[in-house]
Amino acid sequence: MTVNENEAPMIDIRNVSKWYGSFQVLKNCSTSVRKGEVVVVCGPSGSGKSTLIKTVNGLEPVQQGTILVNGVEVTNPKTNLTRLRSHVGMVFQHFELFPHLSIRENLVLAQMKVLKRNREEATKKGLALLDRVGLLKQAEKYPGQLSGGQQQRVAIARALAMDPICMLFDEPTSALDPEMINEVLDVMVELAQEGMTMMVVTHEMGFARKVADRVIFVEGGEILEDSPKDEFFEHPKSERTQHFLSKILSH
Amino acid sequence: MGFEMDWSTLFAISDLSDTPWWQYMLGGAGITLALTFSAGLLALVVGTLVGIIRTVPNRALNFIGEAWVELFRNVPLLVQLFLWFFVVPEFIPPLKAWMISTDPLYGEFFCAWIGLGLFTSVRVAENVKSGIKTIPRGQLFAAYALGLSTPQAYRYVLLPLAFRITLPPLNSEAMNLMKNTATSLTIGLADLTLRSHEMGEMTFQFFVAFCFATVVYIIISLVINRSMTTLEKAVAIPGLIRR
Amino acid sequence: MDFSSITGSTSFLLQGAAYTFELTATSAIGAIILGTFLALGKMAKSRVLSLLCSGYINLMRAVPLVLILFWFFFLVPVFIAWFTGSPIPVPVGPEKTALITFILFEAAYYAEIIRAGIQSISRGQLYASSALGLSFGQTMRYVILPQAFRNMGPVLLTQTIVLFQDTSLVYVLSATDFMGAVSKIAQRDSQLTLMYCFAAVCYFVVSFTLSTGVKQMQKKLAIIR
Amino acid sequence: APALDGTLKKAKDTGIFTIGYRDASVPFSYLDAKGKSIGYGNEICKNIAAAVEKKVGRKLTIKWQPITSGNRIPLLLNGTYDVECGSTTNSKERQKLVDFGTTYFAVGVTAAVKKNSGIKSFKDLNNKNVSTTAGTTSVTLLKDLRKKGINTRVVPAKDHAEAFQLLAQNRVVANVMDDILLAGQIANSQTPAAYTLLNETISEEPYAPMLRKDPQFKALVDATVTGMIKSGQMKKLYDTWFTKPIAPHNVNLNFPMNAPTKAAFAHPNSNGI
Amino acid sequence: MTVNENEAPMIDIRNVSKWYGSFQVLKNCSTSVRKGEVVVVCGPSGSGKSTLIKTVNGLEPVQQGTILVNGVEVTNPKTNLTRLRSHVGMVFQHFELFPHLSIRENLVLAQMKVLKRNREEATKKGLALLDRVGLLKQAEKYPGQLSGGQQQRVAIARALAMDPICMLFDEPTSALDPEMINEVLDVMVELAQEGMTMMVVTHEMGFARKVADRVIFVEGGEILEDSPKDEFFEHPKSERTQHFLSKILSH
């Protein structure tokens, strides 16, 4: 993937700090994701990865620092967050499909209510994306009737239906049975190869090796390492990163 | 001992209504039913609103919701009904004027309706609130991430789910409400319990009267329970195991 | 305003309040014990026992408390007479009748709470206890019930607050609980408004204090979990 | 003497005699400031208890049982208490189930109204809201008034005080009840001068001790009450409770003996209506 | 690990079938585990692995077939299951420590109530095992205060405290965060190397490669493959096994 170094970054996180009460979850974090870039975020459990990625579209407010998405200031209270979010796709660990709506309705709801598309147009778009993730046949089923891997693919299609300018993934495969992980990763790899800007929290180092441009390592709310993929795997800077990689890659 | 049960008393003409006792008591059951439905509706509307404002991120609204719940939860229904009947009209002259001018039954029914409805609204609010709270936060995040606004997220995601979660507890609240209507006998509303009591007092056939009332209550309970369960099944989400 | 009806009758009111608390406490304890057995009975493998218990629970939950109070008021003396072989009904007085009624009535509600509490413990805990070789009784005694009662604590207390308010209904039997005392004074002195407002305030203060306590308890439990 | 049976045998066997009392039937049976039951009827019951003690020849424990208009008959029947002297009307209907002793008071059923309401007779109550106590004979009496073309809309209240409260708050124009009970409510109210009783009754009813069907016991009760009337003890008792200030607030009911009561004392009897 | 082929097997499963209502979960399954042998069971989600392993100590009754553990017939209604179970250690996916008891009490309870050891003896044994899994310092904590990996190590110690003749594991690492998986696998590897008889349901193929004697593949309630480890990984017999392995091993 070629990245234009001079362009303004798609996601720009500058000196962000966040507290839950007196507990500091994010400590002066800064990083950025350029258009078309794929950035993988990893780190131990509870290190603040989910919190970090949720601050990007304002799902979690921050107390200090600035975050810009496509030039729009997420951290400015005056920003219309609802509007911004409709352009930023997000996929969660537990899929979070709406269980009371059929797959088709899941894909159509936000298109109609947020983008004000009419039902026909929205359905057409939704079904096309469903086809793309290989699930056209399941359109009339309900989320509870699909396997985890299928649900996660629907969740990706749902996000894509909003024509996002970038996509955020929060451990999209960690709630999946081992045999289903790959069907989801395959969709993500394809997306990356098509040039989608992506920020992905994941432990799947195979995926990182394959498509990431950069890997970020977070621990205790701090960004300890932020390096191009090859450098990250071959010559991790900090000892902690090495230790983490050894833990996660052995057996 | 005076405990001989004389079932024929049910068919004797009541001094109070010129109809047989069974018919008079069934009339009371009609009042019980009307009260259950109307107060249930009031409780559902008010309770849902109160339940929602207790979950939204707004301190003032949260406080109003909490205060409402504490106020109506911590005073026995019996006392609340009394206050609605004897005390509140003193402070609302138009209400009092209406109660004087109309058939007393309407005045009593109105007080029982508002008393029971608001008392029960607390139960509904509690259930709606905990229904919303049991929905994983991820659902709200997902709704926001798609660009839905807070009212849209409530309207299209949280509330439809919360109501399905809330239905089983609301089933037993509906039965509780139906039973609580009996308390309105203390403000003189001639519901099923009061009328069976009247029959007992006038004919001394307490056992017959209470047996009749008990059976009618059981039938009403069953009907309410069945219809709520049917509703639960009708709105059940395919693929989700019912708890 | 003239508060002499309250100030002049404090001892009578306090007697009533004492009885209300006594009735609430004793019937709550009795009903929780009976309710535990009903819950276990309802979950038992034996169909007959299970049907019997759920039949009892459903019956009690289908009929208004006032009506059940009326029922027991007449039935209990006859029943005791029948039980002891006495030729005439044995009077037990409204206070004892109320106690018996409340235990039998509230047990149905506690039973459902306790059953839900037991069922909320994951099957895995049952499996784990069995896998360690604990017998069914030991599993219940050392693993399931301690957890269930801890989880249920707040709900049980909330139900007890409901019970506390429900005891006000015993005044239809002219038992002198707090509500009975209040209404008797109200009638004697023609001070209905004053006395009922007074009752509302008293019940509110007690219930509110208790339910605030329950909330504290819930917070503590949430931390442990 | 014939062997004791029924109530008297029970008293002899158990050593207990139970009297039913009311909360708010002023001045027959009601509660004083400490919540203790007092009243004209209670005094009569105490005399009956003493007579029972004498008859069965042993010291008895006297128990007091609170009762209401709603439960007084079942509780008597099921043996919870043995006799009551509250404000219970001796009616033929009730005689099918229970016995009544000699009449100790007779009421006229009338209506309490506000003096300024302009209501002078039952006719003026046509198409008006009227309160009364649920479960009393007044409910039936009001219904029977329809035959005379007087249609009232009845608000049945749970007890006498609530029925009167409705009048006090102008929610109804009249409270129909036994004259003496209404006099009690008026005397106790904030503004006794604002009320008056109609000069008209729709029924006259004897109050009498109520007991289980039990000829032996009834004979004893009759003898006791008749004895009190004949000896003049009853008249003294009457004056104490009806024409002098009484507990708890030292209010005077100002209720000189009415005509039906005078008649009942002249010819002691236990006839019902 | 040397296995005596002539000895009677520790666990012997013969023609076992089981139904939930009309749904058949286990279809005529037969296999056996010899003393000192380590057998890994794998297969797709919902294939019946958990059910199979639970039938071994009678936690799930079966409708057809025979199961023998150390010569005792589990499937015979007359067998004292409680007694048998106290000799068969079992570790679950979700740890299932008793949350209302401290770690020490978790280790002591069954020793006292089932084996009738006195408190002193039971505590001594429990703490020694806790030390072995590296958690002696946590004895007075409650399960909720430990990480998942620590909880699972306590669960293993708890099972070992009963002096089991064999151990059953049902996906012991699948509820763990990636960094914690290894601390649990290490304990299991050690156990295997000491000669414990083990039957392990897991997707961790690294673990299987390292210590398993045999690998069993289950699908749709049937045992499709039951081969020595090397054969299983190098030359899987059925196509389905190959497919499953390819799914689970790529990325």
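As written, the chain order gives the labels A, B, C, D and E, with residue 1 at the start of each chain.
Please note the rule applied: a contact is a pair of C-beta atoms (placed from the backbone, for glycine too) under 8 Å apart; a residue touches a chain by one contact, two chains touch by 3 or more.
Only a predicted model underlies this, so the values are computations on that prediction, with no experimental measurement involved.
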{"item": "Interchain contact steps from chain A to chain B (minimum; 1 if touching)", "value": "1"}
{"item": "C-D against B-D, pair bridged by the larger set of C-beta contacts", "value": "C-D"}
{"item": "Superposition rotation for chain A onto chain E, Cα-based, multiple of 5°", "value": "180"}
{"item": "Chain located farthest away, centre of chain A as origin (C-alpha)", "value": "D"}
{"item": "Distance between chain centroids, defined by C-alpha means - chain B, chain D (Å)", "value": "38"}
{"item": "Between chain A and chain E, centroid-to-centroid distance (C-alpha), Å", "value": "36"}
{"item": "Where chain A and chain D are represented by their mean Cα positions, the distance between them in whole Å", "value": "83"}
{"item": "Geometric centre distance via CA averages, chain E-chain D, whole Å", "value": "82"}
{"item": "Multi-partner residues of chain D (at least 2 other chains)", "value": "70, 74, 78, 162, 165"}
{"item": "Contacts with 2+ other chains: residues of chain B", "value": "1, 3, 86, 90, 185-186, 197, 200, 206"}
{"item": "Residue list for chain A, restricted to those that touch at least two other chains", "value": "none"}
{"item": "Those chain pairs that satisfy the touch definition", "value": "A-B, A-E, B-C, B-D, C-D, C-E"}
{"item": "Touch list for chain C against partner chain B, complex", "value": "59, 61-67, 70-71, 74, 78, 88-89, 161, 165-166, 168-169, 172, 179, 192-193, 196-197, 199-200, 203-204, 207-208, 211"}
{"item": "List of chain A residues in touch with chain B within their complex", "value": "54, 57, 59, 81-83, 85-90, 92-94, 96-100, 109-110, 113-115, 141-146, 158-159, 162, 168"}
{"item": "Chain E-touching residues of chain C, taken from the complex the two chains share", "value": "122, 124-125, 127-135, 138, 142-143, 146-147, 150, 224-225"}
{"item": "Chain D contact footprint on chain B (complex, rising order)", "value": "1-3, 15-16, 86, 89-90, 96, 99-100, 103-104, 107-108, 185-188, 190, 194, 197-198, 200-202, 204, 206"}
{"item": "Chain D partner contacts - residues on chain C that touch it in the complex", "value": "8-9, 11-12, 15, 73-74, 77-78, 81, 88-94, 172-176, 181, 183-190, 192-193"}
